[in-house]
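Residue numbering begins at 1 within each chain, and the chains themselves are lettered A, B and C in the order written.
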Amino acid sequence: MIDFVQTTIDGVMVGASYGLLALGFTLIFGVMRRLNLSYGPSIMVGAYLGTLLYVQHGASPVAVAAMTVAGAALAGIYVERLCFAPMAVGAGVASMVSSFAIWMQLEQAAVLVLPRHTYPFPPLATGAPLMLGPFQLRIDHLIMLISALGMSLCVQLMLYRSRFGLALRAIIGNPVAAHLVGIDVRSAILTAFAVASAIGGFAGYLVLAADQQVTPMFGMWATFKGLVAMMIGGLGSTPGAILGGIVLGVVEAHGQWYFGPQVRELVAYLLLFGFLVFRPGGILGEPPTRSVIDRRSM
Amino acid sequence: MDDYVIGVLSNIGVISFIALSAYLLLLTGEISFGQQAFFAIGAYAAGIATALWGWPLAAGLAWGAATGAAAAILVGVPTLRLHGLYFAIATLAFAEMVRLLFELFSYQVVVDGEFIGPNGADGFRGIRYIFENDIGPLRFLLVIYGLLAATLAAFMLIERSRLGIIFRMIGEDEVLAETNGIAVARHKVLAAGLAGAVAGIGGGLYAHLTTYVEPRIFDVMLGVHSLAYGLIGGLGTAFGPLLGVLIDIGLLESIRMFAGYRMIIFGGLVALLLIVRPRGLLDEIAVHRIRKAWPRILAAGERQTLHLRRPQ
Amino acid sequence: MLEVSDLVTAYGNIEALKGVSLRVESGRITCLLGPNGAGKTTLMMTIAGILHPPRGSIRLAGIDLVGLSPARIVAHGVALVPENRLVFPQMSVRENLLAGAYQRRDKADIAADVERMYERFPRLRERHEQLAGTLSGGEQQMLAVARALMSRPRLLLMDEPSLGLAPLVVKEIFDIVAELNRDGTTIFLVEQNAHMALQVAHRFFLMEQGRVTFKGTPGQLAEDEVIQRAYLGTRRAAG
């Protein structure tokens, strides 16, 4: 019983970072209705810049975090300008393939600049884990959880209390009408991309700091975790993103505990597939209506 | 022809199968990131058939096609209700599950005194049919391209037939197609099965070409690549995906001096191409133009030959 | 106030507008009538900046709007109530109105205007926290009009406001149109419902197959002929 709860606790903590990744992903998806396959790689660019700062200048964790976030945002802007902004309505597949091409580009660029397989990342917190009764709470995991919840609160506030958030929700609601009420849709989307990538960068920083290392595989990993968590929680739902992440984290933790590391991934994908077949809207999202996810409207 | 060129051409031929597989689904309006699953299933099935059960190559490949088709139909039915992005992600999830299952899959049989067969993450070695039967690289190349030509012929036949029109109608507007009396669900499953079969043959050929497969190869990269080939080469004709494969593997293999920067250049070029031509080089408009100009090209060619034949 | 000259808008190679010229007078209600497919919505979308014309000009009090982004056109004082309403379905009535005032920064005045909208359209006040997607057709139409008015436009464009609405509701809408004009708003209205449109119009144009085929005042053409040409088009007006 204790193991079960401990595993669940660990799963929730890790899941919080998945949720953050999903948050950024869902913001982009909400306004664009297209998958950005370069999402993870953009975060990796930020992470590599962060590790460069750490390794060559011994920067503090805060500076590394800032660099990761800024780098991810810049990479996100690059992707948006090249893969999404120039595409007409209906060229959704082209955008996604384009973002895939840039994924490969960014990955190779990162490997060229930092050719070793792994690079160190400054830890979030050193020190013994807290004990809550018989249960262990790693401090860095706790920081992840609190940051994730805090960040999602900020995003909710942004969406529902700020002018920019109103613009985003209008674009998500009806892009043509958003133009007609005088919203500068193109610049709003660009900003959304930058913000989403920055959030992803922050999530990436937390994960890498807990892991204390970054590898070139991180880009793909981050995209998938964000994607799966987003789909489970519900496309286009910000609380759904966090919830989806936590569910994914818990399922993975238990999958690994009972069946081993290989089955862990399998269980995650099985969960995703199951949701898609039986409840495509995810936990908190709406079931997809044809017009929303029509290939032609992408 | 030296072995290196044969190797590259064989590679192009084999990968063309999975590109055609993704293209077929795209025609019916569905984006699939998961055709590599059927490529994998075909590879393992054909490999098991020839290496473990002693079947001849043709039977092994047919078995690969059949299992690929069966798996595709198996996943095609529950995902019928899914569209667009949801379908795409479902295919991705399925393909990853297949890959992970192969990492756990072990089936070894004693053949000629040693254990042969798929062994989880260690992969499946010893698919030595073509060596044991003295089929040299050139002969196998011909096998690959023979099958590819047959597949292409089938595609061209389908595109000109009623079935092809039905597929494209479904791709344009499913609801409209349904109201025109088309049994959309049945045709989508048919398309999925055909695509699975094509990928399965390709996988079988791949397994015998390299004599060794492991689950790691059949990852999402392969899947998105196969989709990308159609997007780059053009979605107007079955030659489009082939053009895409040719450009990627053919051109890039030969630009050796760019070795370290290959993806940086290629990635950027693809992104730029897609801005200008979101449906690829040989998109429907280009194909239409070529078809219209074809009689003129033929006539011009005839005029040339007539001119040459006339005593001057 | 608005002068459209030789406007050509094309979808690929197909010209939807084949050289449209018309004029909207300040302070008046001008109507554009015509059958389905004549290009009326294309014209509205072009004026609003959603579509880009390869040829022709659109002058608003002398300023050429062609080539400007939709947001800049709104900034110049044009607001479009689009065909099919296009409300923001997941946002409340109140938020839809606030979205309409997106470019304005004067919070107090915006709040006052919201109040004014509730007074003019009492049913919106009743439903002010309700999600716009759950409103009835007539209520959505009122919301769309109110949303457009929130930007305090000089020129209000309306694309088929009566579409899909019950006759009683249509009458309400046209009463509002007349009232808005009395209060000083210039209105350019596209309609299929020729009968109602002619009741309020000061001037009207007839559009068929991408061209303006008649201009005049109600009464110049017998109403039944107008209705005939508005719904069916004339055989003479061949491209």
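Please note the rule applied: a residue touches a chain if its C-beta (ideal position, glycine included) is under 8 Å from a C-beta of that chain, and two chains touch if they have at least 3 such contacts.
Note that the structure is predicted; figures quoted are calculated from it, not measured.
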item	value
Contact graph of the chains (line, ring, star, complete, other)	line
Identifier of the chain whose CA centre is least distant from the whole-structure CA centre	A
Distance from subunit B to subunit A - Cα centre to Cα centre, in angstrom	31
Centre-of-Cα separation between subunit C and subunit B, whole angstrom	51
Centre-to-centre distance between subunit C and subunit A (centres being mean Cα positions), rounded to whole Å	42
Interface hub residues of subunit B, defined as touching at least two other chains	none
Residues of subunit B that touch subunit A when the two form their complex	26, 29-31, 78-79, 81-86, 88-90, 93-94, 96-97, 100-101, 103-104, 121, 173, 175, 220, 224, 227-228, 231-232, 260-264, 266-268, 270-272, 274-275, 278-279
Residue ranges of subunit A touching subunit C (in the complex, touch as defined)	163, 166-167, 169-170, 172-174, 176-186
Subunit A partner contacts - residues on subunit C that touch it in the complex	48-50, 69-71, 74-75, 79-80, 82, 86-91, 95, 98-100, 102-103, 147-148, 151
Interfacial residue positions of subunit A with respect to subunit B in the complex	33-35, 37, 82-83, 86-88, 91-98, 100-109, 112, 220, 227-228, 231, 262-263, 265-266, 269-270, 272-273, 276-277, 280, 288, 290, 293-296, 298
